[in-house]
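Here chain A shows up in two complexes: once beside chain B, once beside chain C.
Moving on to the complex of A and B:
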């Protein structure tokens, strides 16, 4: 796309997610002035060669072989449905990469890419954004750092939220978040919050 | 309960100023869940542990194990300091920390009895938990005796470090006292163990005798109705003022309006309130229970027996001295208290304990189990073994990289 242009620079580094999976972070700077850049966090491992996929396929094939079509065993059928269902769910809903496109002063676009190339995105206009922060949250069995966008009140009209967390599915660790945070803070000047 | 939180906050601030890293871990309070940063970078973890009656959590030993272990590794904790014998979270964190090879210190803030059912159970739990604790701290010598007897801790492992008050905040202001009447201030939770029954009777008997006496009562609790009844019966609405529960910032203003401070507790390990009152220059009349005789020098306090005639005698002595001018001036009183008690001193004494504890060797699982066996409750060993197995499993599932350089981090628990 625009990688062919002279002014575009791309930096790639490897990081890990909170669960220990390997991730790539791409920082693409579309413009020489710090007005437009894109952060993409993507899983390194390809789904179709991963251990989980191969193992699931193996289990499905062996269950189908053990299944007698004319006199099906109930338990085998139930387990087969479960495993196939789980595989389909992973194919449809597991996130391959997430990216944040920052264009000052137009806005912020969050895109999540699933398997087979499907994408969903969300746009936040610039004047709603107050700040981008790194915060900590306690989940059931761990404490994670996450990057979040603070929104101005009155609430952003489509989401009605005060805070939108970024990279919710790929969940990179603090080192990666700090790199992204520093680039954003250096580049963009967020609109001043009007005091009420 | 407010005293323990004050203690933790002030101690943390002093330790941070000495260069240590301090984390406070507690359960959630209402909507307050998550990580918060307080003054000077004190990090407080409000864990999402289910809270039951009266801000208490269930005494599970292993239920929050993954989360607590994660926090210990994440913050690189080296010493765990648990507070308050009733804190289930403190005991749980200390058990887990010991299995992970960290050092533990425990501070006991109250006195307990030995006779009733709740005391027997709590004492046994405390004995089991402290069987393998590296060191214990008590807030008075009476508290030390009580802890050593209750929990069968060897007295060489118990230190006495009293609480302190923030004497910069609690300064006297004699101009706020009224000149035509004498004001007696009482600030405490209005519960049975603080002697509200004694207080009510004393008020009822002394007000008719001394017409220029005023009472200011701050604090709230289940026994408030008793004081209101006394007010109604004696027609003392204009002489007895009930202020309700006070914010910590308002306490000093109420104290400076008084001439005498009255404390009628039936049991007390160490009374912060009388030190605060003495720091504000008030004369103190108190019952002689628990650790109170150790707290103030004898010329700054009038000690009485915990019954009504003795309290009346004490109050009348104080009033007579006040009238004749035979009192220690407020600012002298304040300076003496400021020399005796200050938080930096407490923090450096606590640091001595930490240094001593950090030098001890970590124990193997076998020796820990043998220590727990001495308490005589063998099923507890099963719980410890379960916790150990869970830790091993978590080490496999959520491994941590071992860092060679450890910062001195202390974790205070409530």
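Moving on to the complex of A and C:
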């Protein structure tokens, strides 16, 4: 399998997310025929040495030092609860990297890796997929380019279409998306559905 | 049947001038009421005014309502109307016209239709090689 390492090729390039954070894009092709790709978008900065984490720890330590246990000040306690809660939420729910594993006639697997190595994944079977597109849409205060999988559920009386956006947490910019899009379109041939 | 035009007709000019005079008179009356002390107004015989508190309260209420609407309620209405990223309304809508292949005449101009998103993406983002 992967011991034949001259079959497995990996290309790494640096890009930026929509917010300006630095990202790595790894394109791994597990097979010399263009049937199996893995695209991984990773945050460059490690969380525990980042400015936000160090500053949060500093704030928590200084608030705890200013807190008198026997006669606590209400405002200090409330702010402390907020800062600690925000730190815990970031530790639990901030996404470190997202990857898309494409195996041509089997399907697509989307995996999100959180802090401490936890992973959640979602699988899309191949015969549901119509196409992978780059769409642009409005969110809150800006227009965002994102890769999306166009699905159509066949074998229903009324075929229902769906759009699943990829890389929603680490949002790479258009240059990175174009690279992934071209690689996918050149590699895999999607079943064309006549009515779009 | 009167014509509906935005042209400045004489009657509209008269309405406009009356409105302009009323606005300035209302502003002068507001300042008279708000600034001149009650004792002076009572000595003139004008005793039946609302409380001067309202000269401050009403502008503040109106300003706050405008700020609340413009900064909170109106953006919230807009946000509830934008479809999420996974919604097909970002790509198409029920009024889209798709081109059936049999409707394209040979060597002729195809009728007006919506280009499907896959074709659009291929034209925009694939480099020609």
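Note that the second predicted complex is superposed on the first by the 181 of 196 C-alpha atoms of A that agree within 3 Å, B and C clash if a C-alpha of one lies under 4 Å from a C-alpha of the other, contacts with A are read in each partner's own complex, and residues count from 1 in each chain.
We take it that a contact is a pair of C-beta atoms (placed from the backbone, for glycine too) under 8 Å apart; a residue touches a chain by one contact, two chains touch by 3 or more.
Just so you know, these numbers come straight off a predicted model, no measurement behind them.
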| item | value |
| --- | --- |
| Overlay on chain A: chain C relative to chain B, clash or fit | clash |
| Touching partner for A:161 - first (chain B), second (chain C), both, neither | second |
| Which of chain B and chain C A:142 touches, first, second, both or neither | first |
| Contacts of A:71 with chain B and chain C, given as first, second, both or neither | neither |
| First (chain B), second (chain C), both or neither touched by A:134 | second |
| Per-residue touch tally on chain A - higher for chain B or for chain C | C |
| First (chain B), second (chain C), both or neither touched by A:185 | second |
| Partner chain in contact with A:33 - chain B first, chain C second, else both or neither | neither |
| Which of chain B and chain C A:49 touches, first, second, both or neither | neither |
| Segment of chain B intruding into chain C (one of 170-178, 260-268 or 314-322) | 260-268 |
| Footprint overlap on chain A, comparing chain B with chain C | 135, 137-138, 140 |
| Chain A to chain B touching residues, read off their complex | 135-138, 140-143 |
| Contact set on chain A toward chain C in their complex | 130-131, 133-135, 137-140, 144, 146, 148, 150, 161-165, 168, 177-178, 181-182, 185, 195-196 |
| Touch list for chain C against partner chain A, complex | 79, 82-83, 85-88, 90-91, 98, 116-118, 121-122, 124-127 |
| Partner chain A, residues of chain B touching it in the complex | 33-35, 45-48, 66-67, 70-71, 74, 398 |
